[in-house]
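Each of the next two complexes has chain A plus one more chain, namely chain B in the first and chain C in the second.
Presenting the complex of A and B:
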């Protein structure tokens, strides 16, 4: 095998590289550049100022251990991230396990995997909104609980709450966990499991010492999907949280609406740094390149 | 064979003819944005605005009457302002809210509109031009249209103190907003803005999450509750903003608010589902809730209304035939048919007398005079809005517009206000 790149391989990589440069690298550079510009209510001016960044963290360090808006918002987003990640991981892993090891025929595996994607046939806003008649004060769940006599007045925390945001996030993002884990698991040699069994490992031991390590690349990729989606989301938090819960994305959106582009750009850069930090930490745990 | 160009279907012949006619002389944004192919048969105007005024019926009638094709670009209020600043060549005519003007005019991207070319310039509603209804001054706190109505010149970036020939925006629609409520779930009359903060409605209140509007509703409630007396609710000082936000945060932490909304439909859903019984609301949203057969009221409150108004403006890139067509369209818009259409939706039109001529007397009596409906009242699309005998909430034009206390606004401390508003949402 020849490892030295040839002219042909450069040409083969060129289309993707051009698209990547034009639609990802250039906009990103622009965002970083603009984050140092100054602005007023109707224009932005090239400059090199740091005030956009200092504005974001205005009073944050003086206020400690109290949380300023920025820290509180990031903390909130990180909490969602951790919760959604843990839940989608457990659920996604369980479903992938079921599909790979419990379903015998391959046709059935494919059919069931496709069933998992059915919710994606409609837009995610519609998927979220359909929770509202279910969870609302006069929604189906509350009506059922009331008529069964389990509660005496409608539960308020079912909708426009931390709970409802979490529910929608898990509902929307579990499939991003299922698919990569499924892919990793399907490649596990079954004789390894038999070998573990023959060596006297219990079910849990096999799971923990054989299946989980071998599914790591899938888990890592799924985690990257879920974490990046949750960190940047503001629509799910907006709709399901009744806009009462802050998110970094929402702050950026409000700022762009008020034409404070440099401030929004600075916020985007900070958010990007956080997400990259998380992903960097994740790749410390699993060397995705090697595993693939 | 036909091509799709910018959403408009053009057959190949016209396309070739048009391109040939346009020649090489005009190259640039104009030709990219709107094909010059229509030059021979009539002009297409790209009309940027919120969906509020962009009715297909109006475009159709306009085409019949004037031959001008209207191509709507529907976006949100904030997006309108953003487009004017960042892409003034992407539209030929804009329908913007007056409150955005302090952010837009200094950019120089909007031209003054020549009053001499506006046929009904001297008949425009005085509530917009002078801040008067029936000769009486109304509340002008906030960015009242009369404060930003005239420019010093066609290309001026400053507002004129006294009337000039150059108008910033020619009014299209305006209205007086108040709180929407569910009488069946509240069970009593709501007469003051302070009810928004009343713990009686804990967890059943919503506020609009558009800072320029939400802060006005909040200030109305705070002043009504006697917590604070503002110098100008629509132009608060840093201290005043601090107080407003502090009060809102306290209410939020106590669980007063069920949700915040930004989109018209969200407000309809909140109200119709009973999640919320009292909230910031827009008049057509109230109509939408009622059309589901659910009781919803829009009562006039003792402290008055929060006013808003929007109007036509020209971006600096519009010229030549398009410019003439834009003026022709604006004149057509003011000539009555469109005004009557808007009045029947519960908005108010810019030139009342031309709209009156296009409405049935019983319609005029119901919508504008506050009299009981002599016959069933229908929306322009035919849906039944009110049965005979009903009276419009808040009453007549004079009773509603005459009691406007403040207007949607962009404050001098806008940046600070937005930052504090984000704090409130995050709290």
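Presenting the complex of A and C:
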């Protein structure tokens, strides 16, 4: 009862710390530990071997500049990541700008922001599957294009392709950009825009010199969301790619299916290192802690 | 006399839907004048300023600067610059980059930009702080930066939207002296929106009192204070008593009222409040007609014949101190 203020704050932080430790730190430690174990077709043995890691990169460095499977998969995933990031950033920024600066009444702003989150009322997988009747060989889009005479045979690249994966990623993840950017933008004093205008800045100059720099924290947080989701994804790439497109997440999933847990764990650790590297680079650009 | 740099408001009107914020304003402001737009909130003074700046569209009429209509031009091409109420400094830019902003937008080379910025920071005495961010500055310092940023565009007219309202009273008095000094040195027109009459009287070469979307009275501050044209002006400027005689109303300055014991006065009134203010004493009196009167007496006059609450005194004034008010 007579706890000092410091002690009291430790108690207040304790529930979150326990949850964090149980569901994040412990599993992470387990993964790192297992990544050094040895395995064969029917058993996993505690050990300390590096062969899981060397297996991942087997022959990769000797083969350079040609790409081994691992490097090709990472490259593929990074390309997706870059494309999704760029698209969600542009679309998310535009929507956030519209909501903050073009919609006048605050009620309407809140309503429209909620509308943006409506897709989240259904599961990810259902939202992905609902693209299939639209994009399939005999889907609505192809039927329309055929009947309008724009194409003469159904487009094959609409579904189970790089395009459809990208489309689904953007569809699923744009909201993760909208919300943090919206939050940053809403804090921008409108008189700053007038002041920029007063100083002779054009619309684009105001955007580039005032709005983008002041939205940077939101952009950084949204980017972290999108990058971590895309880097670890295997469901979207699986469903929308027709199980034909490789990604790092997919590799890990396949390995766990074959009970190659140590190998999958090693892959996960490498992936985690990559994602942390990307986020570290981002935080070098923007000091997020300052803005929270 | 019409010389270069004069600003003319011609039938200037601003409507928001059905409400009229500014109604048919006609006024000529001579170049190099310190003008104070004075009025209560919602009187249309801010809308007028924002129309001159170009941040609000003009519903009807024109704004002429140097005889050219500027009311359709973008803000930066009008020859005006605005200093915003909250200063609107860019929080992500240093003081130097804030001041240089308009030059950067114009594509002026960095070396020239910095030379001009240094000049202006010198003018507002902020050179030491060039590398700081706005959030590392005090209110007064932020205001100086905002001033420098507005002045770097070399405006003919500087528009100030309640520039002193964010400062504490002590700083307010210091900054207003600074504003006046700057205006004298630069010789350009300042239009300063305020709801503080003391600020307006202290600063202005010309006071424009606005109420209900129109100009109530404009002129030399002394003239406006000494002979208010309407009851509103007399009451808003303060220091006046508005006295009614039937349909007529007139104003007498509080410090021109004489209190006497005995006859020869207009009427008797009861003292209901006494406030000692140092050099003066403020008295509140109630007339038999239940009107409130305020009287300001020099402390010596009051204490030579002190009054108590509840005392009755004869109220008198000289004929030349009476100003008949328009209905």
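Basically, the second predicted complex is superposed on the first by the 287 of 292 C-alpha atoms of A that agree within 3 Å, B and C clash if a C-alpha of one lies under 4 Å from a C-alpha of the other, contacts with A are read in each partner's own complex, and residues count from 1 in each chain.
We adopt the following convention: a residue touches a chain if its C-beta (ideal position, glycine included) is under 8 Å from a C-beta of that chain, and two chains touch if they have at least 3 such contacts.
From a predicted model like this one, the values you see are computed outputs, not experimental measurements.
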- When chain B and chain C are modelled together on chain A, clash or fit: fit
- Arrangement angle, chain B at one end, chain C at the other, chain A at the vertex (C-alpha, nearest 10°): 150
- Message: One more residue to check, A:49. First (chain B), second (chain C), both or neither?
- Response: neither
- Message: Which partner chains sit in contact with A:141 here, chain B, chain C, both or neither? Use first/second/both/neither.
- Response: neither
- In the superposed arrangement, does A:242 touch chain B (first), chain C (second), both or neither? first
- Regarding the shared-chain residue A:201, is it in contact with chain B (first), chain C (second), both, or neither? second
- Task: Name the contact category of A:116: first (chain B only), second (chain C only), both, or neither.
- Result: neither
- Item | Touched chain A residues, chain B compared with chain C | B
- Across all Cα pairs of chain B and chain C, what is the smallest distance in the superposition, given in whole Å? 45
- Query: For the complex, which residues does chain B have touching chain A?
  - Reply: 78-79, 81-82, 85, 102-104, 106-107, 203, 206, 209, 211, 252, 257-262, 269, 273-275, 410, 414-415, 418-419, 421-423, 425-427
- Item | chain A residues within the chain B interface of the complex | 41-43, 55, 69, 72-73, 76, 132-133, 136-139, 156, 159-160, 238, 242-244, 246, 250-251, 254-260
- Note on the structure: chain C contacts chain A in the complex at 53-55, 74-77, 81-82, 84-86, 88-92, 101-102, 104-106, 149-150, 153
- Query: For chain A, which residues count as touching chain C in their complex?
  - Reply: 189, 191-192, 194-202, 205, 209-210, 213-214
